[in-house]
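In the two assemblies presented below, subunit A is common to both, partnered first by subunit B and then by subunit C.
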Partner chain A sequence: MKSLQKSAASIKEKHSIQKAYLFLILIGLPLGLLILSLTLGRYQIGPIDVLKVILSPIFPSIAEGIPDIAKQLIFHIRLPRILAALLIGASYGATGTAFQAIFKNPLVDSNILGVTSGAGFGAALALLFLGDPWLVQVSAFVFGLVAVFLSFFGSRLYRTSPLLILTLMGILVGSFFGSLTSLLKYAADPLDSLPAITFWLLGSLTGITWQNLMPLIILTIFGLIYLWTIRWRLNILSLGDAEASALGVDPTRMKLGIILFSTLMTAVAVSVSGVIGWVGLVIPHAGRLIVGPEHKRLLPVSISFGAAFLMIIDDLARTLLPGEIPLGVLTGLIGVPILVLLMRRSRTGW
Partner chain B sequence: MLLEASNISYAYLPGKTVLHDVSLQLNAGETLYILGKNGCGKTTLLSCLAGLLKPNTGRVYLDGTRIEDFSAAERAKRIGLIPQMHTPAFAYTVRQMVMMGRAPHLPWLGSPTEKDHLIVEEALEQVGLIDLQDRPYTEVSGGEQQLVLIARGLAQKCPILLMDEPTAHLDLSNQHRVMEIVHQLGQQGLSFTISSHEPNDALAYADNVLLLSGGWVTEVGEPQEVLTEPLMSAVYGIQTEVIYQNENGVKKARAVLPRQPLAVKPDSLHEEDSFLNMVFQNRKEKPQIILVTGLSGSGKTSWCKQMIKEAAASGYSVEGILSPGIFESGRKTGIEVVDLVSGERKRLARLREEGQGEISTPRWVFDPDVLVWGNQRLQNSAESDLLIIDELGPLEFLRNKGLLAGLERLDQGQFEVACVVVRSSLLPKALQRWPNAVVVRGQI
Partner chain C sequence: MNKFKYSIILLVIISSLVITACATGDLETPNMEITVSDYEAPSELETKEPIGDQSRFLIKADPELMEPVTVLYEAFFNGKSPIFVQSDPDLLVEPPGEYENFYDELPAVFLTDGAMYPKNVSEELEAFIQFAVSTDGQQTLIKAGLLPESIELTDQAGNTVSLNLPIRDVLSAYGPVTAMIYSVDAEDRLVSASYLGARDPLGSSVMEKMDSRFPGIQGDESFSQSEFNIEEAAMLEPDLIIGNARSGWLDTVAALDIPVFLFDAETPKALKEAVLLTGQIFGPHSTAQAEAWVRYYESIVGTIEEKMAEIPIEDRVKVLFTGTEPLRVASGDMFQSYIIESAGGISASSELEGYWNNINLEQVVIWNPDVIIVPPYGGASVEAITESQEWQILDAVKDGKVYRMPKLVAPWDTPAPDAVLGIIWMAQQLYPERIDLDCSTEAEFFYNTFFDYEIMDEELAKICSIN
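What follows is the complex of A and B.
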């Protein structure tokens, strides 16, 4: 009996050691990539110098001897852009995981309710008639929310099978805004606004300023905190409304909160970066392969992997060719093969 | 009283009421079985009792308080629902599934703690699944999945568990394994309300049984009093027989089985216990209907012909009609009707061609004049010993047309012994009408 307890204790110890390792990896991976990404670019800055520059606001003496241009480059060009990649990746990883749980479907992400199509339309509208980049971001954000609002309350018109109707409404609203965007493209000036709309829709993190970044930082952090706190309950929601309700969870209220926060996060992400697909779809699968489907463990992994994935994609977009490759193109080119491989390897029931 | 429903009714759509005026009570440590046909409202009743559906009229009380006055979490601390087995979208482990039962006990933003893990382990221990705790739920056997859901209910720590068909799709050994565990938990003081298709489980494990048919309560009471042949037959719409066993000198119902049609051939009166003898001795007490059943072409008419022959040989008089098929080059192309008194025969029906016929079934078009003639033959009672009606089909039972005189005469009991041909698909309808009929397989 004593030896049994002892072995149980040692198993528990082993588990907690594994847990500590996993925790280190989940924190270390995005942080390491952040530093690495800051070194990349046409102007070479070594990792030690990058660290020194980042720490210089706290220890001003540390960055002596590093050229001003390097500091400028890091603080005003590279850091906002790489932070955006980190936050957007984390946001897509988390919202994709949450949406797959509440839709009981491993093939959806937070775009299923039409937020991206709505935002695309909003951006195109502003690019065509207003042109100011800040207004483009605001318009994209607002129309992203409008699209989800329409999907959500449109589905409330039906009394039966709300989940299926909600999915269908999302697809319908998405297609509708897609058509509106096409209409705007058709009407746009082929030399000026049409390329602007097209490139916006391909997704890019070029030219991000701290001003663009602020709403993204605030909404993403709030949203991540919310999803983090309810992550264990995602398990229960994924069993369906009736069972969740019988287990004492109010599925309607809970799903409303998740959809609200996820939509704010996704809308602000799209408004900053344009359309970057596939991250929310692929990342949760990768996470499940490592820690299984249980959401208490899966959500942190998805956040970390999402952040890391989009930083790598952005690094490739910046460095692979002399010009930039649109991010939305790269996530598709890399994400789709990865998803195919992951689906092959995934266990029954994902 | 832990759980009480008083006069609850529920309709998913206006005008389509699936539960009518259902009342029930559940005391601590009691096991209540709900039996009834598919679609009789069992699952709806459980959902109302669990507080997932709000009855249109009537109330559900939990510990004396209206169930809708509890918050979802407070309700789930008092009553748990173990759903029918299902495959979740994600392959959670057994332990993770059971842990979900802790949800009502955790603060809104909380995750499970060490204490919850201990409770989950205890629940898994109780149902004997502790060794499977790290296996994916989707990969354990059906019986084990059901036990996982029971363990989740135990982790929920509520005094009442509702179970929706816990033994559906399980083999005999797993049914037994699951029900024995439920029974032992019941003896430890848990209360169960179980919807089931297994009357035999109710005989073995229930303290009380509620029979539901068409959304109405047919009867509530102790299993030995409620699971009787007449009630079981009424609830399931088939003839049933209850098998009894002697237990310490007391006759106790042990099993409910569907009553099989008799596989007998008509024979003459040479032997004391021959079929004809039994039938004709019975007729002295009451009119007796014999339903001759079987699939199309199984020999129901031949069976009647044999019966007529043997009865005539024994000196019994016969009246009624037969309807043998008309065959052309091996294919049945028509139906004749033969009056057994006069021997007259007429063509009753022919195969349907496109868009024809006022009085017809999908395959046959009937001659209205011959139907009138047939009805007259059945009305003019010759007061014979044996009445043959071949056959009463969908026309009569479903459309209220055809040989209605035959139906009427049987309903009014104007005969001594009647041999009525009814195809298998209409047998439940016929038995609803004449519950005391003897059913035989029309095979020679």
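What follows is the complex of A and C.
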């Protein structure tokens, strides 16, 4: 009996050491990539100079002799952009995990309710008629929410199997907004607004500024905190509504909350970056491969991996060529082979 | 006091005019150099008699050109023969000479291999000249065997197109060539056309003044680089369809059995070729107009080149040409880069390929351009760059060297005839101390000469001021 207790304690201890390692990796990976990314760019700034510049707000004397332009580049061009990649990646990783749990379907991410199509339409509309980057962002955000609202309340019209109807409505609303976007593209001037719309739909972080970044920072952090606090309930939700009710969780309210927060997060991410696919789909699978399907661990892993993945993708997009490579293209080109590999190797459950 | 002086001067001028008028009236006496006696003095022509019973003006023509002039004259004045004189003609018809200086005297119109210089402009003479260069005039010369019935031209997609002349009705589905058609004086042949830059307030107001048929013949909705309404085209029954070589509708239009002529003018060389081809399609008058434009273009580029020879490459101004958004820039393959080079600048983004390229600000910092130019379309604005916090790290922005390329109708950075003004304007921005070409003077001359449009002062002020 005693020995059993002892071994239980040692297992627990071992577990907590493992946990500490995992935690360190999960924090260290995105943070390390953040600093590494700051040193990368078409404009050559040595890694040591970059570190000096990063530390210069605390130790002003350290960055003496480094040209002003390097400081400007790091603080006003690279930092907001890399933070955006970090936050959007984290956001897609987290919302993808949450959606896969509540839809009990490994093939969905937070786009399933049409938020991306709605945002794409909103952006195209603003690019065609307004042109101002800030208004494009606002319009994309608003129409992203409108699309999810339509899917959600459309599904309320039917009383049977709400999850299936919700998925169906999401697909329908997505296609509808997709058609509207095509209509706008058809009407757009091929020399002028059409390339802008096309490029937006492919996803990019080119024009990011601190101003664009603010709504993303605020909504993403709130959303991540919410999902973090309810992450163990995702396990219960993924069991099914009846089981969840039996365990004392109100599944309908819970899902409503998750959908609301995830939608806000996804809408703001899309409104900043344009359409970047595959991250929300691939990252939770990668996470499951490493820590299994238990959401208490899966969610942090998805957040960390998502952030890291998108930072790497964005580093490639901005450094490979003098011209920008659309992010949506790279995530597809890199994400899909990874997903195929994972599906082949994966022995874990969903 | 001054008023008094002026009225005296005016009086003198008027009286001298009256005296000259009387004196010319005296020419009626048959002892002058007139070879045929039924000539009447221009002063009596102002009463609009029916055309055809009398000869209207005197012509001095090169012997070789007497035949086409006679054919045209007889067709216009119902079989009456023209009167050729040795001196004091109302109309001079000569083989085209060498035009060294553009600004001196351009002949008004051209036919076959000759140029017509009207000396005394009367209504009758004007009407005759109009006829001589019209499709009917061209038809008359073709009937007389003085012009070919059909020609074969190779278009810019490499196809040989056989054209039955004259081309009376043309459908242009490519905006830059529409502008070329105006510049070779063939706009009356358009049945429907896609326009470049005619949608904004300035462009559309100028077009309305330039062509009374505008916007009636504006066909942007049906015909463009991406679209071609085949039923509408069939209804219009054009003799010729003009399009861009990279249009998406080329296969479908073959069903119409109407010749299609394709253009692709993304380099200065191709632009010159395109203008000349446009001229050849519409006949000798248009050809001569096109050649005049090419000479003007070459003289401008030559003038700038001469000045630039003194400036070593490393001292030349580096220019970034941005697109409808600040972070979209023109590639080295685009016409904008050629404009920069022709103006003596260095294109910052010449390493890029293809069409407009999306880039990031870091790349702009690496290029570090001295001057940034934004285009005059698509909502692009100087403020989008100068008022952005992030762009302040660039020297060009700090120095306030961000300018907007002007336009009247066609934007000056596009491969339209107006591009020559884009080069002049750009050279003036880049090297104000060295280049003594003046945007206002040249624009006034250009639109007057090639578009028959007298540009208004407020329009000039709008396009030639620095922003």
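Quick note on the criterion: the second predicted complex is superposed on the first by the 341 of 350 C-alpha atoms of A that agree within 3 Å, B and C clash if a C-alpha of one lies under 4 Å from a C-alpha of the other, contacts with A are read in each partner's own complex, and residues count from 1 in each chain.
The criterion applied here is as follows: contacts are C-beta pairs under 8 Å (C-beta built on N, C-alpha and C of every residue); 3 or more make two chains touch, one makes a residue touch a chain.
Since the model is a prediction, treat every value here as computed from it, not as a measurement.
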Evaluate whether subunit B and subunit C can sit on subunit A together after superposition, giving fit or clash. fit
Output check: A:P190 vs subunit B and subunit C. Expected answer is one of first, second, both, neither. What do you get? second
Have a look at where A:Y158 lands relative to subunit B and subunit C in the superposition and call it first, second, both or neither. neither
Determine, under the contact definition given at the top, whether A:W134 touches first (subunit B), second (subunit C), both, or neither. neither
Output check: A:Y21 vs subunit B and subunit C. Expected answer is one of first, second, both, neither. What do you get? neither
Partner chain(s) touched by A:Q72 [first = subunit B, second = subunit C, both, neither]: second
After superposition on the shared chain, which partner residues are touched by A:P322: those of subunit B (first), subunit C (second), both, or neither? second
Output check: A:T229 vs subunit B and subunit C. Expected answer is one of first, second, both, neither. What do you get? first
Lowest C-alpha to C-alpha distance for subunit C against subunit B (Å): 41
Common interface residues of subunit A - those touching subunit B in one complex and subunit C in the other: none
If we count contacts the way the header does, which residues on subunit A are in touch with subunit C in the complex? 41-43, 68-69, 72-73, 76-78, 81, 131, 133, 189-193, 195-196, 199, 204, 206-207, 209-210, 318, 322-324, 326
Interface with subunit A, subunit C side, in the complex: residues 224-226, 324-328, 349, 351-352, 355-363, 365-366, 377-379, 388-390, 392-393
Could you pull out which subunit A residues touch subunit B in their complex? 101, 104-106, 229-233, 235-236, 238-239, 242-243, 245-250, 288, 292-294, 296, 347-350
Given the complex with subunit A, which residues does subunit B contribute to the contact? 47, 50-52, 72-77, 80-81, 83, 87-93, 96, 100-101, 103-104, 106, 109-112, 136, 138-139, 156
